[in-house]
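Note that subunit A is present in both complexes that follow, paired respectively with subunit B and with subunit C.
And then the complex of A and B:
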């Protein structure tokens, strides 16, 4: 007892002396000592919660905050004495300039890491703003390939980039068609005219003929487009086996609804990063138009109990379980794992721990993380299909909870 | 404004600011504010002094930004040279658009609409053209060297943008004092009367458009060097056209310091509203909008004109008493 007491007293004196020394050496040294005693770890949650991207930003923020609440409730970061996350929330205002200003504020607030950004344009600006301070940054969505090809040591992307998604989409389309006995031979592509849609259309036009598909027509349209009647009439006239749309949410919904109204029923609708095809909102609001649509997109692991529990939590809040939610939720988990292994909230150590991450206990169908130049090599999209008013994973087989229904008609 | 002293004093006061302010948050705020003030000063020369209200100053901002970025990324041109080329490109666009619009005799809302249309056309072209990187945009590589016009310290960026703002202030001051400035104001007040007195309205307006284009393009060039990324929405989006006209109108169109004051007030209001409302998304914008309405309501001639407005309010009753 006396031993315990004397040890405690020694510890007390030592810690007091350390504290005094830290106070004397200035404010920079203080957080390190306080963190050793389980002081909160500041983490930046950066999302475009106002402006044109506000819906996605709000969803992303929801996912991040749910993860932070969960980690804090489970006792925080154990290796840091149960240190809790203290979220420093920032609004990128849907612009790179807004995002950069928030990075400056977060750096001044002393965050250990930033998660988010959402849009590629914002991520490109915010990651390099954070790089000035060697501040680790985990990109949640931003699919532009150059986010991780610039050699920024502080930048990590947990999810897949555009190149990986486009290639997987092509491979999976061929697999689905081959497994069904090659019912689809002709294709029409309807795409929006920025690089997302136009780039994808170009890639498909190059690769599809080599896989035995004939591209009947490629139709581009601007965003926004508010009338798809002419485009759908063209589709009806050409009568392709497969329609491949590449556009954003509103246009996607309008195209699918117009096809339903004009009773255009191809053997399948197959999209890549389809604005609405992997959206529970679309399925709930327009179940008939959504029926049978396939998409290659970000998706959670449906076989994960944690993912299903999170889905229930999000839905109980009256929100849709969108990819922004679970990607941000997973990214916070990735940072928590890195902090746990780093045993320190020091930025350089967190960056090092992220770079060597082999985190497997997550809700995404990626397997253990492995970062090469900041990109998680295991990250891959899933192929989903709307079946029975629900969205099911049909590929990759390892994570599938349903078989592809193809041809639909 | 006859004397150069106020202009010099403001420039010196702003130049010494980083010696007292070390916070990067504040410096970043000031850099972006000065960048918007520069874009606004460009608009002010054409709109404030010349009375030609453009709704599409993004054409200059975007062209400056894209030329700076593309020359560096695709052609390996030195950043400083690319910056200069961006400004020249602003002058070229100003000449072309100005010549087309003014030759066609477009004035007032028609001129505003045609500039807006030009900006939209350029935005759509930039969103599909391979040279601009189409939808993905153009990314300038991070290379923090003086030769690449990238600096580790935010203070250096601050001094760079301040020197551009200072140059724009001096240009505006010179215009105000010059014969060209008098012609420009004459065209603004009554173009037909000015023409009747022998002012070549087309040349004067075209001259203002070119100077305006160079100044606003410089803001676009700076944007690229600071954020190192540009896409069609940033370059030619309506946001910058609105910012470029909002800052001088709030501050005081047709005055030397109008855009600078306007940019400071607008940005400070935005940040202040954010501090007051905390993290409630969008609430800061509501507060910001309400304060903005109040400012415009009570001082339609801008903040610079507030003194006159207030003096007028106090003096009017006395004048009325005398009349009665």
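And then the complex of A and C:
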């Protein structure tokens, strides 16, 4: 284990967490041997656990570690003689540069695959850095479309990209509105001003008018924004049927709270990748402000027993079951399935196995995986709504556990 | 957009937001006026105080407005100890060293908070969080109104301390002429520490006023401190009334710019004013000519 000890503290903690398993399989005696049967498989868990994205990063890390523990406890990778996962944990420090530095370290540590990245900006940089070493990389969240359109053979994204999510969001909005007898005609968009919010606002401004909606105003704001009163007063003055927020958790919560305070009650709040809309934390802490909010976002398959069991495990740890948790949990499962089929921890073989993946035994509402240019074609978002202090899936109908309530007021 | 229906609420909102900015700036300007350093740990202190306020509410059930009376003295003591036994000795008599020590303190405090409480955003839900006063044309949020009034109370109290007490006189003496004050028998390190303590207490009060309607995470304080720096320069470095007027001005400017230019550009207004002041009146609105 001498090579393990020479690595960073974080790495050390991660490997001790995997405890006796790693020691028992005996990396001590054969560091030079090329992956003997049963030798631990090093897997990179890369998350921004410090800096502004640290909450999401720690949640993502939690999901990945839970999956690794579970797979190890169930006997590891069978086709590799029950080889266990040995997590190499890295901190991207909420910056692309921080993420790239960790990829270098993980490559040097000899990982077979990296999972994570979280933010699009980080994922763009880390996937590229990993590509230099033909190191397979599974993007956990990063929704920017160009992550998978640059022709990088090592890059795979299990979840949906921005384009797919935005289109689904529009389609579902029209469906919900039409089914309710078209009560919503006017819209105001409140978005944060980085790539995510601004890109979405642009798309909505192009597409909403073609679907019979009138966009009254599009308001952009920076992150962080300390005060939403002026924005809410503007909304109040124009009284739109629908408010579409696209921003991160803190701003989303402030916006919803200020709307409640100023007693602004549109017919619906409909968000796309809303920072807080489908967050159990928000619903628990501010049930009144969260009531009836709809969102089109990453979501687990509520009808899957495995997903519900994982939710219980996470909640028993005192954490919220956020999308970072289940997406990372699922991504580790995807890698485990690929390793099982590859029968080898060799990077080229893992990449090949990932590319030909048809994994169906997962907790997401995606169906069997099918990668085209690294993007899982089956990946799709869900539409959720806060109903009765819980978050329910209202669309797609196949996975829904509730009916839409619209208009809310 | 120019209709009074929206303009007056926006102005009121700007004043109320500005009051809290002013309080944070007050602490900063006080420390600058006496110690002649920019306290880079101000934001981290604010975050720490917000966490203290959060845990007082969550674990002991103490209302933020009550914990204010506990946290202000506690943070005064904390500031005093920090300046007397950490920042002061570490600076070896050089002002610019003090600046670096506060910068280091900021890093330590922020990361200590991050290690202990993760990057999680936390909020408290007090019963009056959504209480409003109906003015007919708009709703005034009760927590913000309380904050507005409290800031003036604190400013007046601070002004009374500065002008009526011996300590206040000593602080002003040290601010004006350190050597002269020393020759009069004033214990300068003690006065430095008292001033730092007062500045930190301001931040603790601001934290308690913010928590009912804001959130805390290990970086939350920084959002306010950049604005506070601007206010200190705008009002005149070291000037207490300058910080108050400057804070209210910035609040209103931010609110109006956000209305007319949008929130993304609203921040531009603050810094345009900042640049204009530096060009036309570099000593600030209330600053004495150097």
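Rule of thumb we're sticking to: the second predicted complex is superposed on the first by the 373 of 409 C-alpha atoms of A that agree within 3 Å, B and C clash if a C-alpha of one lies under 4 Å from a C-alpha of the other, contacts with A are read in each partner's own complex, and residues count from 1 in each chain.
Following the convention adopted for this analysis, contacts are C-beta pairs under 8 Å (C-beta built on N, C-alpha and C of every residue); 3 or more make two chains touch, one makes a residue touch a chain.
Because the structure is predicted, anything quoted here is derived from the model rather than measured.
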After the overlay on subunit A, what do you see for subunit B versus subunit C, clash or fit?
fit
Using the superposition on chain A described above, determine whether A:186 touches subunit B (first), subunit C (second), both, or neither.
neither
One more residue to check, A:233. First (subunit B), second (subunit C), both or neither?
second
Given the touch rule stated above, what does A:50 touch, subunit B (first), subunit C (second), both, or neither?
both
Does subunit B (first) or subunit C (second) touch A:221, or do both, or does neither?
second
Kindly classify A:313 by the partners it touches after superposition: subunit B alone (first), subunit C alone (second), both, or neither?
neither
Examine A:260 and indicate which partner it touches, taking first as subunit B and second as subunit C; both and neither are also allowed.
second
Is A:373 in contact with subunit B, with subunit C, with both, or with neither (first, second, both, neither)?
neither
Of the partners subunit B and subunit C, which touch A:58 in the superposed model: first, second, both, neither?
both
Pick out the closest CA atoms of subunit B and subunit C after fitting on chain A and give their distance in Å.
6
For subunit A, what residues appear in both contact lists, the one with subunit B and the one with subunit C?
49-50, 54, 58, 193, 222
The answer for subunit C against subunit A in the complex is residues 3, 5-6, 9-10, 13, 17, 111, 114, 118-121, 123, 125, 129-130, 132, 138-139, 141, 213-215, 217-219, 223-224, 227, 254-255, 258-259, 262-264, 266-267
Going by the contact rule at the top, pick out the subunit A residues touching subunit B in the complex.
49-50, 54, 58, 89, 91, 95-97, 100-101, 104-105, 107-108, 120-121, 124-125, 128, 131-132, 144, 146, 150, 152, 193-199, 222
Parts of subunit B lying in touch with subunit A, wherever the complex brings them together
23-25, 28-29, 32, 124, 127-128, 133-137, 139, 141-142, 152, 227-229, 231-234, 239, 274, 279, 281-282, 285
Can you tell me which positions in subunit A touch subunit C when the two form their complex?
49-58, 193, 219-222, 224-227, 229-231, 233-234, 236-237, 249-250, 253-254, 257, 260-263, 285-286, 288
